[in-house]
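Structures given as structure tokens follow.
Okay, so subunit A shows up in both of these, paired with subunit B first and subunit C after.
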Partner chain A sequence: MNSTSVLLTSMSVQMKQTFARNMFKFTLFVGPFLITVILGEMFKHSTADNFVAYVVLGSGLWNLWNCIAFSSAGDINRERYNNTLSIIFSAPADFRLILLGKILGNTLLALCSFFLSVFFATVFYRHPIIVTNWPLLIMSLLLAILAFIIMSIFIAYLLTLSRKTAIYMNCLEIPVALICGFVFPIENLPQGVQFISWIFPPTWAVRLIRLSVTETTYGLLENFVPLIITSVIFVILATLLYRIIFKQVKVLGTLDMA
Partner chain B sequence: MPIIEVKDLSRDYVINEGVFKKKMKVIHAVKNISFSVEKGEVFGLLGQNGAGKTTTIKMLITMLAPTSGTCKVLGYDTFGQERMIRTRINFVFGGEYGLYRRLSARDNLKYFANLYKLPKGTRDNRIDELLKLVDLTDRADTRVETFSKGMTQRVQIARGLINNPEVLFMDEPTIGLDPVGAETLRKTIVDVNKLGTTVLLTTHNMYEADELCNRIAIIKEGEIITLDTPANIKKKLAKKTSFTIEVEGNSANIKDKMQSMEELSGVSITEKDVMTLEDAYLQLVKGSNEK
Partner chain C sequence: MIQRFFSQAWLNAKVHQGGLNLTEFLAFKVGVSILTLVLYVLIARFTTGYVDLTAWVVGNAFALCVYECIFGIGGTFSSERFNGRLRSIIVAPTSKLTVIMYNGASSIVTGFLTIAVSFFIGGLLFGVQFSEFDFVMFALAIFAATFASVGLGLLLAVFALITDSIFLMLNALALLIIIFSGANFPVGQLPLFFPYIANIFPLYRSIAAARLSIGGAFSVEFWSLLLGEVLLGFVYLLITFLAIRIIERVATRNAALEMF
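This part shows the complex of A and B:
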């Protein structure tokens, strides 16, 4: 009961606070449009033939990832500058629940962005939307969101520990989108980079999503199993990381700007 | 058992200096301080900017780990036994930060009430009570970003009292407040203390410390240089006694007359305390570290 209320209020505070920010409105509304146009033009000049897979879902996923992971990352630092981070950290409520609430709040907002991307892609390029397997699409989208949430938790913990991480994070936005194959299949990447792709749960979730809009029916298990395994690994890593940050944050004194 | 027990407490910060060639530097922010605070006291930490007041408070409120020494609140270690302490204490930092500025005062208080696990039934009543206490009932539902400094500060105070803490830590709570606002806050502190809350506060304002605190520790460059009641601190440093001389009638050449010590009739001499706490403080902070 108490945990739920911590989770829910963190979520609602996060959404109210975020929605009042102009930059976020930009990420939410203008971002989907820009990314859709860029991917749409890339698609026209490429040999790829599945519009839904590469433009509609590509821009949708990219935006989803942006809104969940990067907003959550930015928020930690905003709260650090605003001196609320140290206060919520020192409150009796479990800090993990507070962060999870924030990430879930961002996820809800991110879904708006996802649907906007899909809407732009459909309206501007007027391609018919062909989905061969709706149940698979919906299930794999849910799994992708779960994978994003897990990654965001991991990133949020790292950011709580150090303010410098935020700078690196901002440089990672595009590489991560590419490495996880949001835009084009990871098979187009150099072999060495593909190994990196395999570590991240979103890579497998994205491949599952693509399967659902193409004719192929094989390869389900080959993607599903690694998705579960990598997700579990990240959950375990995040749990261990939390034990470390809970202490280190106080040893290093990085919770506020003083 | 003292409510707050600090023994040989130290805290260092390690910082990187330089842009290209990084150099590690250690700042000794708090050096081997010891003091204890009993239940029901108002205890003051006085010191210049950078003396180590905020660092000490942060260690006490489970926000920062000590580098060495003991730091106990309510009998528990502030680093390692946070869980036992956090529901029973709260803190207020001066300044405009520390609130969600895009939310209303009420929404801020609701959020923190939930983080402090107030039961739903009592939560809304408590918030109304506190809004009334800090005189913000009329503006409760406007965004904090539209508030003046003083109003923002009052929301912070309400936040600090949300869980009816047994110990309240206040870091320069009246900073940025106008004299009337500061006076009101001092009254609130007295009231809260009367209801049983132990208070530890830091301040620059000597008048405030003198008025509010049962005991004061003056801290300089991370070390406590004096710890006593305001009255004793003043007494200890007052080496001279001054006289106020009121002269009836003709005051011309009074100096000469005094020097010659003649005709003292018509002159009334009253003994007065020349040392204010401010004088004592300045003498301590500027002068040699005599204890």
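This part shows the complex of A and C:
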């Protein structure tokens, strides 16, 4: 089996399995509506001026992250519960490709939640979507998705060695939404916390997305360069992490009992 | 009987919390609760521009008990099924309500503490003037909120006997409670008949009562809100009692416990 075929098969199986789960259907269809209502109502009489940037795109990004993070972290737990984690880890097909296929499959499905959030926010709150720079919006959305995928891979590797995955995955949603400034600018956070925000690629991707719906493109490069740098750092960290995990799994032989 | 109840409740608490060491408990239970409060209060500060965020700190501290009371208790039979104990529990002569109660006992305590600790830490972070609070009123409001939330959690737990999608229901209801609680925005601004729906959900009255404890004194409004919340909790308990009898009978007769 070549790499492309491993990736596509993993994606396809993942999408079928994920869509069969009722909980994922909640994350995909019900969650976006309810989170959009909370944000929409909070912003209804707001003094903040950009409804599109913070409610329409903010709730979309929040839901997109929820879907990708919950399912990607939960998949490791499910594989362990089904006693298939050690099988896919030791299979001739590269574990990294199988995991990437799973995350890509989840991401494709999760895009529905993003577009649903945008749809709900636009229809229910009747705010016209004014985008000043469509190419920038599309490019920054793609970069945001890439940033989420990189973060998910890193988290999925981290959770491979723990049996407490279910606890940890519930801790992914809020801290990332808060620190990366999905629904308000990170300048609202204390200075010390802003330094932590800068480490994560989604922070820069979110800022780029916001630039595309504002009048100015000032700061384009200032956000684009850190996004690329932090993404590369996370890819390097994920690669190193995989090597450490691979070595540990081979030495201890306790993947299913970790 | 009482001793068995508490020993089972303690055993269950250890099952749910025992997997975590102290650092993990503080980071993933307390830490995430505080971050959730901080997120919503910061959104409120950004959207309103207000400096005094006391109302949001109070509201969101109360909203946090949803996670303990609804998920902790609501998932009782679902986790029993997952652990393969559901059949034994159903055919045992023990009252099923007692089973849910001892499963939920730790959630009641944790729910109460979650509100108190989150309010205190959130208050320190956002400069809440604690001296303005009447803490007896505030504690009564916490009690009422926890009681009503636990009541709803018990009711939801029963539904796990007839559906495998209980966590879908729990997640949806948790967000609906947050919407209708008035923790983040006035429920009255919702369109059409939606503001009236808030009356059938927990927290709506207790959050309003807790906000009255800021610089306030015991008033008719406070007591009516508090009694309304406690009454709602009793209504949930009554429905749970009836529902468990019907659902248990249906599940036993159809032998459909794990097949729905």
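Points to keep in mind about this one:
Throughout what follows, the second predicted complex is superposed on the first by the 247 of 258 C-alpha atoms of A that agree within 3 Å, B and C clash if a C-alpha of one lies under 4 Å from a C-alpha of the other, contacts with A are read in each partner's own complex, and residues count from 1 in each chain.
Simple rule for what comes next: a residue touches a chain if its C-beta (ideal position, glycine included) is under 8 Å from a C-beta of that chain, and two chains touch if they have at least 3 such contacts.
Predicted model only: the values in this text are computed from it and were never measured.
Superposition note: with subunit A as the common reference, subunit B and subunit C can be accommodated side by side. Of the two partner chains, neither subunit B nor subunit C is touched by A:239.
After overlaying the two complexes on the shared chain, residue contacts for A:189 are found with subunit C alone; subunit B is out of touch. In the superposition on chain A, contact is made by A:17 with subunit B only, not with subunit C. In the overlay built on the shared chain, the residue A:25 is in contact with subunit C alone; subunit B does not reach it. Look at A:4: by the touch rule set out above, it reaches neither subunit B nor subunit C. Note on the superposed arrangement: subunit B and subunit C approach each other to a least C-alpha distance of 5 Å.
Touched by subunit B in one complex and by subunit C in the other is not one residue of subunit A.
Of all the residues in subunit A, the ones that touch subunit C in their complex are 22-23, 25-26, 30-31, 34-35, 37-39, 41-48, 54, 164, 167-168, 170-171, 174-175, 177-178, 183-185, 188-189. Residues of subunit B touching subunit A in their complex: 13, 54, 58, 61-65, 79, 82-83, 86-87, 91, 93, 95, 97-103, 107, 110-112, 114-117, 120, 163. Contacts from subunit A toward subunit B in the complex involve residues 2, 5-6, 9-10, 13, 16-17, 20-21, 82-84, 86-93, 98, 247, 250-251, 253, 255, 258.
Chain contact summary for the complex, subunit C toward subunit A: residues 19-20, 24, 27-28, 31-32, 35-36, 38-39, 42-49, 164-165, 167-168, 171-172, 175-176, 178-179, 184-185, 189-190.
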